[in-house]
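Going by the order they are written in, the chains are A, B, C and D; count residues from 1 in each one.
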Amino acid sequence: MERVYRLTISCPDRVGIVARVGQFFSGHGGWIVEANHYSDPVSNRFFMRHCIRAESLPFGLAELKSRFAEIAAEFDMDWHINDSDQPKQVILMASKDSHCLVDLLHRWHSKELHCDIPCVISNHDTLRSLVEWHGIPFFHVPMDKDNKGEHFRRVNAIVEEHKADTVVLARYMQILPPELCQKYHGQVINIHHSFLPSFAGARPYHQAAERGVKLIGATCHYVTQDLDAGPIIDQDVIRISHNDRVEDMVRLGKDVEKMVLARGVRSHLEDRVLLHGNKTIVF
Amino acid sequence: MERVYRLTISCPDRVGIVARVGQFFSGHGGWIVEANHYSDPVSNRFFMRHCIRAESLPFGLAELKSRFAEIAAEFDMDWHINDSDQPKQVILMASKDSHCLVDLLHRWHSKELHCDIPCVISNHDTLRSLVEWHGIPFFHVPMDKDNKGEHFRRVNAIVEEHKADTVVLARYMQILPPELCQKYHGQVINIHHSFLPSFAGARPYHQAAERGVKLIGATCHYVTQDLDAGPIIDQDVIRISHNDRVEDMVRLGKDVEKMVLARGVRSHLEDRVLLHGNKTIVF
Amino acid sequence: MERVYRLTISCPDRVGIVARVGQFFSGHGGWIVEANHYSDPVSNRFFMRHCIRAESLPFGLAELKSRFAEIAAEFDMDWHINDSDQPKQVILMASKDSHCLVDLLHRWHSKELHCDIPCVISNHDTLRSLVEWHGIPFFHVPMDKDNKGEHFRRVNAIVEEHKADTVVLARYMQILPPELCQKYHGQVINIHHSFLPSFAGARPYHQAAERGVKLIGATCHYVTQDLDAGPIIDQDVIRISHNDRVEDMVRLGKDVEKMVLARGVRSHLEDRVLLHGNKTIVF
Amino acid sequence: MERVYRLTISCPDRVGIVARVGQFFSGHGGWIVEANHYSDPVSNRFFMRHCIRAESLPFGLAELKSRFAEIAAEFDMDWHINDSDQPKQVILMASKDSHCLVDLLHRWHSKELHCDIPCVISNHDTLRSLVEWHGIPFFHVPMDKDNKGEHFRRVNAIVEEHKADTVVLARYMQILPPELCQKYHGQVINIHHSFLPSFAGARPYHQAAERGVKLIGATCHYVTQDLDAGPIIDQDVIRISHNDRVEDMVRLGKDVEKMVLARGVRSHLEDRVLLHGNKTIVF
């Protein structure tokens, strides 16, 4: 993968944004290798993502940011520029189920996912050996029902200590406290094992079996204080039939969960996901 | 299509059902061309559908029913035998949107759907010419908001007069009164333009846009007194993105609606759908 | 739908294209409502599609073209600008099977497809009444096996007379002569009833049944002199099983054919399809 | 999972097969928990799969086989009865790519796949540590281009020594010699990284990119002497666009490959796949 700077922008829509940004880069010889735009007709907000070949610019990231800040101010932009050579620091959290964790670790190990995984945190010790085989530190942080606060204080400390910018709940199965949701807004990705908004909350496959649906699904979303109601990044479904009992749904659903989570995480890592209220733009 | 008798059975599960039924048919030289079974592990109920080549039996439908009644009584069966040469009488109901109606009429006209369509009923006169081109009578039964009762009395009269055994709500957009739901239990098929149970009720595409889902869907189900909560026959979804406005969802959703409705109606016409409480077995 | 100018570009890739084009439009107050880019890393060719709100520009289409020609020359562009208010002239050609034709006509009739359909041409008279119900002239141009030349001379005359810019072969089932393929390069859209390149040529469902595939498909492509080998616009598949005989594949395949054709035609009508050798960019 | 006997049958179709088999089991109190039938209308061959609760029968597997042999002879059946408690012995073969191997190992490790994996064979040593972490012996059998015979003699010896009844080529990337294909007919499962019959042979993703298809796929099939032409067990596809380069196709294709292979292997392990010439019945 060639090195690129990834610029993402969100600002009020008006004439001249694309031209101004394009001019800025071409003026410095910047080679745009990927460009996406979206104008939201309801909110009149404009979203953009550009990838610029790093070596085509005569300056580095800091200088680029400093120079771009002028344009950003002019157009009242929310904006970020990331360097594809500076991988995100992603902490994975899991419980006992291994399918999502194995999938993400394998994608990382085979260099499909470009990120660092400083550690894995779990409320059980079950998956330690698996994680450690990958050469990744494993933190077992037990969950005491009567003292969840202590659990999350330790989780928070580990996240801070490792300077993580992304936390992925790979079937972690515990509800994050509101203060963590707020603190890490847009940085915590969860996989919920239903096609949201159907079957939010506990035991979604049991709910699905009860209702007699013909497709089951999974939803990858950013975590907010409202349970299973945060901005959706990706979803998918799989066909089932009357033949499938709850345990078959659980098994079939695992494949959807891990695929949807991996796609969502990949989009996040490549800065393809822009927040727009409680929705997402996924370029 | 060769002529077959379609036997459907639902009864308490126990040893010997398949053998007893198989023996009955083979004893009369009956050639089974299709056979499906399902044992529900939760309710311990057994479901079966057999297609028997009509000409392989030495007697006709009446005699077949009379002889089979003994076995049915022995095993406490809910059962039906239909003759594939006696098409169901299906009344279509629509409003102004034509996509589902056109689709069903075309499938009928091109002999893909084996049924009779004695008439189409609509609360608007918009689709009259389309229906009449197919040589099918069109009844415009206006809906007076202050007197819905009168509307449904006329609808009921038309259904009775045409001896319909199935009513398909092809985007009819009105809520059937409870007494009709009960009277025609398991005979009225609706298409709802969402992936139920998400977005039941009015304006599901607007609800979907509001929630920011990444797939939209449609659900074909039998109508019951509980709005959009009846037994689901079939469902499907289509991928959307942030680019798709509500009007795009409406357009894309139409394709899913008509496909899902057509599949559900086809299954119903071929006696493939067995009710199991508020769920369906679809063989 | 608001009126837009749709600009499509293909040119050698280099720094500054987006900036120059963006500058051109913003300099005239042009409001870009949709923008897509693609840089092909193999051929180093750049592709772009912009939609500009017509009323945001101070001049009309002719002036726009004349002014843009300078930039186009500078960057050695293949380019087109179309006005969304000037619908394409689309002639549909069919044989006896109605599913694709009905589908396209219905989408046109319900204003989902924005184009004019000056006429339908068929080598059989079967579908006349259907077409004429839509108020569209129907030309029955019989095909004499011993004189195909005469058939295609008449077809060509009708296409020329109606100033068609697009011809859609909606299961027309005849092979266009090379001179027509060349003359209307990139303007004739065909639907082939297989997932190309598998099962090109005659009786693809029989070929599929013979091979025992588990999915069947359809392919929408531009017609070239090489049978079923032109640039692919869209494809899709549907799952089948051992239970499905050839006639079931034919039935199930019809749904895929009409959906894929409709999507391909829609993309073509909206100038979303750019040719790139024997491949397509579909924005 | 409760213990069941899995009976699979293939025989000339005629009246009375189902009745005779049903009678046999019910006569011994045998509880059928799953039953599938298929009559092929072209070959007039009948296929069946029954699962009978083991504990409902008054005798064991040997006695069951001995008694059933009479019926089998009467109807000229190809037949097998397997005990779900006697897992198949499955040897996995891989090369350097880990995605299919990791996926299968994880499904086995998490008890989703019910089989024994006596060992993994590879022509490279790359995946040893991964395999051994699972507690499975790993045999590195190098491939000498000038002496492929030696490689396959050792492979054959290992397969024989471990009494394997199934070999899964999990992206093994070498062509089995004809004598092995014949010897293990219906026992060797391969995953090919294209939607066969398109793009058989080498570098299918490059072929796909060259042709400009809009979907790529994978095919799980039994290996025969004809390269990539054996009976297909399962297939699936994933949508791509002009944006996806060959390396993106390789990445996206991996997910389809591993899913399709896992589904095919699962069907095989549960005795759901019946051979019918060069096609399969998958119950």
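Going forward, contacts are C-beta pairs under 8 Å (C-beta built on N, C-alpha and C of every residue); 3 or more make two chains touch, one makes a residue touch a chain.
No experiment lies behind these values; they were computed from the predicted model shown.
Q: Weigh A-D against A-C on C-beta contact pairs and write down the one with more.
A: Counting C-beta pairs in contact for A-D and A-C gives the edge to A-C.
Q: Taking each chain's centre as the mean of its C-alpha atoms, give the chain farthest from chain C.
A: D
Q: Could you tell me the distance, in whole angstrom, between the mean C-alpha positions of chain A and chain C?
A: 37
Q: When the centre of a chain is set as the mean of its C-alpha atoms, what distance in Å lies between chain C and chain D?
A: 41
Q: Going by the contact rule set out above, which residues of chain B touch chain C in the complex?
A: Going by the criterion above, the answer is residues 98-99, 102, 106, 110, 112, 129-130, 133, 251, 254-255, 259, 262.
Q: Please name which positions on chain C make contact with chain A in the complex.
A: 15-16, 18-23, 25-27, 29-35, 37, 39, 56
Q: Can you name the residues of chain C that touch chain D in the complex?
A: 38, 40-42, 195-199, 211-215, 217, 231-237, 241-243, 245, 276, 278-282
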